[in-house]
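Each in structure tokens, the structures are laid out below.
You will see chain A twice below: alongside chain B first, and alongside chain C after that.
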Partner chain A sequence: MNSALQVEDLRMVMPSTEGDLQLLRGVSFSVAKGEAVGIVGESGSGKTLTLRAAIGLIPPGASVTGRVRIDGESVLDLSGRPLAQLRRDKAGMVFQDPHAAINPVYRVADFLTEPWRKAPGRERAAAGERATQLLSRCQIADPARVLASFPHQLSGGMLQRVMIAAAMMRDPGVLLADEPTTALDVTTQSEVLALMNEVRAERGASLVLITHDIGVVAAICDRILVMYRGRIIEELTPAQLYAGQISEPYTEALLSCRPDVTHRRDRLPVVAAGAFDERYAD
Partner chain B sequence: MMTEDATITQDEPPRLGVDATPAFRIEHLSKTFFPGSRLRPRPPVVAVDDVSFALPQRSTLAVVGESGSGKTTVARMLMGLEVPTSGSIEFLGRPLSVRTAKDRRRHARSIQMVFQNPYRSLDPRQKVGGSLDEVLKLHTSLSAAERRTRSRELFELVRLDARLLDSLPSNLSGGQRQRVCIARALACEARTIVFDEAVAALDVLVQAQVLNLLADVQAETHVSYVFVTHDLAVVRQVADDLVVMQAGRIVECGEVSAVLDAPQHPYTQRLLAAVPREGWTPGL
Partner chain C sequence: MSTVLPAGQAPATLRSSRVGLWFFAGTSLALVAIALLAPLLAPHDPNAGDVLQVLQPPSPEHPLGTDASGRDLLSRLIYGSRTALLGPLVVVVVATSAGTALGILGAWRRGWVDSLVGRVFDLVFSFPSMLLALLFIAVMSPGLTTAALAVSIAFVPPIGRLVRASALREVNEPYVQALQTQGFGPFYICSRHVLPNLWPVILAQVTTAFGYAMIELAGVSFLGLGVQEPTADWGKMIQTGQGSIVRGYPQESLYAGIVLVVAVVCFISLGDILTGHKNGRRG
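Right, the complex of A and B next:
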């Protein structure tokens, strides 16, 4: 048993006035220890729901079936303190908008060492040291200044590094990142991706990365999962992607509709909304 | 179209294209912010430092740079939302002045802005047709029935079903909402539209549609566009000219193909090197 994260037949249904919405329609995949897996798809395809369900974050009112295992523990059967412990120790989460995800009234130091708030003094001091180490590992030149800052005093790129450091504080086996670089400019994106890659490789952690930029996942992931309407419709490697070994028209469309930085096209290919509904119906 | 050589000399504003009167021309524009309070002032921040460029009518200019480079401040000054510390802005040959609400409204007729987040730029309790109608009411003397017809035309222009006019924003997808925002920007027949990272958050399939649509609208209405963005692939696809900003200054500018094919400034080279593509690995 060497998978860090295992998702089996995950289904999510949300009741609404217009009938039940099938948000996830049987998602299955596993991530081996040390492996990086990327999930791409348009908004509403269920990629964020899948990632959040993996750590037991279920939207209110939704009913979930299936199994999720992180490091052998069945996440969907946990609640309360054991679930909180799992989120703290075994799965680090990085969100899209660091300014929205980090409590604005605490200093960065408090945010990073929160899990040790009730620990005895010695351990708390050790946590502070670890925070300093991780921040310098995350290419932050002046950790002391950053630790003493409030989130609003830092730029998006800087705060995203803080969030990565926070996710790595307890040395989790899995790092889950939801559009971690979408809000950043390209040079900062490159730095943050490189950093996530390095920190992860160094500690042998697995990565699940969600993005809508297929170029980003192809650059740092071992495998790419393509989601559409609550299901994984294709799985391929970056090499297959660039070699054009794509079997699903939706994946093809995702790749061909991107504007290309090397040349201008007369018109971008247009895919009508709902063009794939029939192909990927139940 | 703007300058022959890729590096700009700040003393000589870039030359103009074919149109005699540009959509706008800014010269030696600077903006300094004075943060902190009057009692505890903090050091002044020079957000924009001696920036000059012009946008010919019916063309598209991209302004790129990382966060903090001053690109959004330039856009806000164009919109009349910030007052320049020094320098001049001219619209269709006339100097920009927005001292009164009336000035502001007149200015809004020549330039409109589409913001990054389509989820926050529409009133969640107002039907999207209503927010379009509001703009038409403010800027035109059309009757209610004429406004309704015009709204339908605008929706047709952005390829939205006219039946969606009676929907609330929450019933529309992100791409549909962004098209409503674009229709709204087109409603008062503005001569220039500024897009502040307005296509970055869209899914690629929707983004492709929106970019094609903007090209069509430009061909039909002769509007000019300013794209404030950090996505160089989008720049290549839509823009004619490119201005690269760093720390408040223009470090490079020229035709898009010239700048992107042979970037001269190290910063432009670094931006291009950071675009994910086949064989690319992120670097620190």
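Right, the complex of A and C next:
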């Protein structure tokens, strides 16, 4: 087993008053060790659900079939302590809005070293040291001050660096990032993204990156998966994307919705709701 | 008792001002001090009667006069503050612990656990709290501890519901999910992360509940099922003073009643102000 993350025929069904909703309809992909994979698609296409399901976070009431393996362990068959251990040791997650994803009542140092809170003193000290190192690696100039700060005292960009450091604390095999730069200023977006990619690549972790921004994915990922209505409809390499070798009309449509600096357009096109439903029906 | 509702635009009164906070907090603390220092402050033994000095008017010897058994009223009022504060303290500790635990449990587990807890709360709500307390005391035996435990039962649902509502919002915050992805268990997340964020809500509710519990317990004592003779207690004093009122000596019931009202108003107002401050801060 050479892949860091393997998803096979993942299906998720949510019962509702208007019949069962097919949230994921057979998602399959695998991420090799050290590889970076981007998932793009419109809102509601199932990107986030796939990522959450990959570490066994299933929305209440939904039923899931299929297989997810992280480092060879079948995530969906685990529960309780083994699942918690897998989440803690083998996968790191970076969330969209760092201010919302970090409990505001504790200091950054507590957040980073939380898993070691009850560990023996020596391990705790080691964890603190590692936190300092990771923060400086994440281009934080004054780690000591940041460690002693509360989350609200830091900017979004700073805090997202903290989050990246937190995700890397255990040296996970795979880093899952759910739109990690959406909540940040445009100027810090590319910085944080590049940094995240460097840090995880240095440590040999794979990356699964969800974003709305195809340009971002093309820049840092080895492969791009396009999702629509709960399934992956196309897989591209950045080279194919740049060369315009796109076979699916939906991907074309999605690309045409991007603003473009070379052409002036008064209004951006949108992908009409349901325009591709027939083509991508079961 | 009632649940503290988030205050909207409150008019600028004593109860909403900063001065009010200090006034009510100060009075409440003074009450606590009086209860702690009762042996030093009371001029007489609260339980020592004197058949030759019954129903005396105020005098240098007895600043507030004496009751029908010739006991010093001021001393009995001062000692009465002990049971008056101790009872609600037990109620608040028991009811808050149980209510908070059940509220968070419901908010975290949702589904049938949440429904079950909610329906049990409804069931308890459907009885008047006094009736519930009397039923409980009828099964056990009268006394301060029994009375306090009995009143606690009725105080669990309001606190439980409030905590559940706040916890529900907290549990859906992204940071809770982030903690789950980091592999922390539910108990750890709830006790170390959710609970500290609920403290302001709980604290405000506790202060108000303290005031209501005081009335409730005084009521139980008034019915003769709480604190037993000869221990001094305000509710009990209102009851024993009744006989003297028709004979033209209202002071025992009157003084005990006044002190009780002042204490209750203080604690409830303090709770209201704390709730208001919390809302203001959260904006």
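The rule we apply is simple: the second predicted complex is superposed on the first by the 274 of 282 C-alpha atoms of A that agree within 3 Å, B and C clash if a C-alpha of one lies under 4 Å from a C-alpha of the other, contacts with A are read in each partner's own complex, and residues count from 1 in each chain.
Please note the rule applied: a contact is a pair of C-beta atoms (placed from the backbone, for glycine too) under 8 Å apart; a residue touches a chain by one contact, two chains touch by 3 or more.
Being a predicted model, the structure only gives us computed values, none of them experimental.
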item: Combined model on chain A: chain C and chain B, fit or clash; value: fit
item: Angle at the Cα centre of chain A, taken between the Cα centres of chain B and chain C once the superposition is applied, in steps of 10 degrees; value: 80
item: First (chain B), second (chain C), both or neither touched by A:L193; value: first
item: Touched partner set for A:A218, first chain B, second chain C, both or neither; value: first
item: Contacts of A:T182 with chain B and chain C, given as first, second, both or neither; value: first
item: Partner chain(s) touched by A:V64 [first = chain B, second = chain C, both, neither]; value: neither
item: Of chain C and chain B, partner touching more chain A residues; value: B
item: Which of chain B and chain C A:V13 touches, first, second, both or neither; value: neither
item: Which superposed partner A:L254 touches (first chain B, second chain C, both, neither); value: first
item: Partner chain(s) touched by A:A32 [first = chain B, second = chain C, both, neither]; value: neither
item: Minimum distance between Cα atoms of chain B and chain C in the superposition (Å); value: 13
item: Overlapping contact positions on chain A, where the chain C interface meets the chain B interface; value: none
item: Of chain C, residues touching chain A in the complex; value: 110-111, 173-175, 177-185, 193, 196-197
item: Of all residues in chain B, those that touch chain A in their complex; value: 66-68, 173-174, 200-201, 203-209, 211-212, 215, 230-234, 236-238, 256-257, 260, 270-278, 280-284
item: Chain A to chain C touching residues, read off their complex; value: 55, 57, 60, 81, 83-89, 91, 93, 95-97, 100-105, 114-115, 166
item: Parts of chain A lying in touch with chain B, wherever the complex brings them together; value: 42-44, 139, 155-157, 182, 184-195, 197, 212-216, 218-220, 242, 253-254, 257-265, 267-271
